[in-house]
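Below: one structure, written as structure tokens.
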């Protein structure tokens, strides 16, 4: 089996992780090239994993003969990099969120459709064993018809100011994963959103019109309900939970400790805080790449279509608007 | 120590339970009398526990020389029974909800104040060991300043149609406990509510303008957030959970199984559904009576003041209105 | 239904608990009398629950017209009190252990048989909801044929010296419950025991030839295996667990917290230590009395026969002997 | 940094896993060669990971210029392969158990010492995050002085007959991991063992003088206690648990599900069986190789010395003897 030739654009936290994951599977894929405008970073990553460094992602996409490109560049650049890759006939793995505006999201969806490009959104939770099991249980009818989805995502500390400024806000940046999971598990559209956002701990969020804690309730098209909760202030560690209630039961993905050690003393039982998302989802990042390889080789339907990336963004923007205007927002369908 | 002379008005599910709990503590209290318009019921309960039967609660309150009366009559009758007991100088234990309308609630608060009556609302969760421990942890500052309260209450089956019709709706009947817990744990007022209600499983709820599933988000006066979730359709059993997130951590009261047996077979690990609320809260019903006795004997401040009953009702009515009007409701303070 | 006339002999920790439980169920039973050589204790308990005090248990048994007597006197006195009650034709509830010697145990079994007396041993775990559920699962074949039983019993602190001296040792005093549970769940006899005992924390145990930590392995008659573990030094609180492995699965009774509150901070998740056995088994003490009442009224077969009390003692004495002699002990059957 | 040149001898289940783990870390190590007498297997693994195939492990060790060799050949061949590698000055990673006889174990220890060879035993649990955390807690004194260690290892199905025949028996093959963990966590020697073994489900074990279920109790040199439990008949899945009780508390490594999905239906809560050891310990197999690489590059003290492999075998053989002779076995120290 021919090894797939893969390039990675954007070597931030996630881009570097993808580069390592490509390199650690040498019998399936070859990390041909990496690109980042920070030259030292591009050179270091390239040297470590035996790839060619580029400083300009566009140049890399057009110069190398790649089978697939993993796009982790800043979100506002997604659209032009997707267009370039589609023109070069390279399969695309696009990190979340798809875009910061509906206009950019439409541009991406449009290009992918017209170019018949292969494109997969990096919603990695869909490749997590626990989430997959929940999805499977729902599909098999184990909980009957779905009634309510609840998600909770709490980050242990805020991102850097510079990141906050350009993140698109808590719903578009952090909760976009939860919104995607909610839409995916409920398998229908959202028709109304009410949201509240507050800055209670870190004033920098207020400075950029963002919130450090936020909640939203969703009304799905045929009567289902949703609760989204996001926090940037979880002093006790990363905490991620999802639950779906149905007419016959409930399925949940609880917070994950990753370990099974417990200590009991006269102060009671103590378990360590759960791990940060990079460890929590380490396997899912590997599995989504395996899906991407498989999709490049044999795929017809995208494991995570661009339309799903657009839909999650649409609800995230509606929630943002609801929180800002203190009223519920109706989504046209 | 003189035994307290106690009467119980209204012998439905909760009234009968209170009667039994009074009788099982014969060294503290004496079950003097019970009253219910269903004559056979009044006679049977009276015979079983050695009390005098009445068919008219008002007659019982005015005829017997009671130290305390436990009022479990239908909610619309609460106000007049409270007034009568206050006039007779009998200490009052009043089941939740305090009333179905703010007008009745004000009437009760006003009477209790003017008559200097002792009155305690039957929010039994405040006497539950797990909830008390959560409250204590918050008070001690273990989780810092509170940011968010989340509650989830799921009943395994709907109440009878006749009950639904007069219950006041899911927020006033079922979620009133959760609203009280939320207000009690956050220790501040609510200033805005957005709610959605749906009837997804049992059409009888829609028939009476009620919902079988509902969610609400709360905005507290100084920035705190709240999520309330109620369901009447929990096929997998009674499920009750509460969580408070603070700046330094989180405290939760999880669903309670009451047992510690687990079965593991080739199908996986299996634990039985949790118990129905009567078993879940059996101890709390005993402990709230002990508090009531103590309050009668020595009390100055009500363990659960009528004002708290009124405040929970106010938020419940606002949530009901929000769900009906599809818009957020602002509460005047 | 006529109330049963009950007396309690011996008002130590467990005797006093039984007295209170009899009194708290006045529609089923009447606490007629209590007896204890400590006169103040007998008078106080009698006054609190409205019973007649005696200072001599034998006098109480022979003077009162009782339906049932609860015998909680010191273990060496069990045999003579059982004989007296049997002669008086009073139904007997006998606290564990049945006796400290096989000779006394035989005397009790013999008397009960010849007098056709009703006698039930106070192995309260058999009336605990979690243990009952485990037993039921095994009986229904949920785990197939039983292979192995494991028990763990850890007390948070040692009993007073005076108690240690006369307790019969860790296997006869503490582990007798576990041995009974093991025999009951496996439903067959033990044919060989190997045990080790050590005094590692509290020297007073060594002083009286006892141990503060001990383990034993059991070989059941038809090939089943057993592990018994007992400790008096559990600094982190009372801990009690039982597990049975079978050919088709496993059933376990885990340590029981009694509460569902959890705290998460930057130090991790914290849950309080489990409760002491009086709270852990509060319900079982009530339920075993209900079984005793039912047995008095209608019973033919004892809920916990004296023969079972004798069998647990036989294994406990064999374990003690094995630990002392550093070799395995074979039990004749 | 120069990549380490690694070879793998023996491509059974564990050998193949190690080969893959070496290959997936190309920036640290190079999988130079693999050897197995099954020629197709050697060729396939070599082709997949870009290594040179050998059919004779000895030839591979002497022909290639390796930095390290991973020895997973059948246990009776360990001694001669270790000797050869030591003579060739290649660092050695030796799979468990070190040997089937004390004579072979001594031969290995002796060679490693005299040749000043680097040798590490493949007790992978010592590289598992949960076990490491338990060890750390004990070292830091969190549970005080250790009193008791308990281990439980249950395999979901028996190995093939051919494997049973040559495995050395349940204590030497399966429980050797638990014995090593017990010795490592208690950090002292065992002076007496009593064991019972039974064949209750699969007659093939009896045929080869082995057991499908076994228990042992250990007496440590200075008074500590141990309980070892092994099963080959766990119909409900792989189950692995370890616990250490100390004077100040207890630390446990519970069975690990690897996932956080739970399903609740009217039949109760259901969680899937835990994963098989290859998934349970996937990370530990990677981390022990990283330790091996580090030891090759910089190491002075072996992460898992050959003496520890010998000590676990000594106790395993004593347990086997105790089970066969129905009496406790004293170990000379």
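Things worth noting here:
Order as written gives the chain letters A, B, C and D; numbering starts at 1 within each chain.
Note that in this section contacts are C-beta pairs under 8 Å (C-beta built on N, C-alpha and C of every residue); 3 or more make two chains touch, one makes a residue touch a chain.
Please read these numbers as outputs of a predicted model, since none were measured by experiment.
Under the touch definition stated at the top, subunit B and subunit C share these contacting partners: A, D.
Looking at the partners of subunit A and subunit C together, the chains they share are B, D.
Distance between subunit C and subunit D, defined via averaged C-alpha coordinates, is recorded as 42 Å. The distance from the centre of subunit B to the centre of subunit D, each centre being the mean of the chain's C-alpha atoms, comes to 57 Å. Touching of two or more other chains is recorded for residues 235-236, 239, 248-250, 264-266, 272 of subunit A. Against subunit B, in their complex, subunit A makes its touches with residues 144-145, 147-148, 150, 152, 154, 192, 194-196, 198, 200-201, 213-217, 219, 223-225, 227, 229, 231, 233-236, 239, 245-250, 326-328. Across the complex, subunit C meets subunit B through its residues 23-27, 48-50, 129-131, 133-134, 137, 142-143, 248-256, 258-266, 272. The residues of subunit A lying in touch with subunit C in their complex are 235-237, 239, 264-273.
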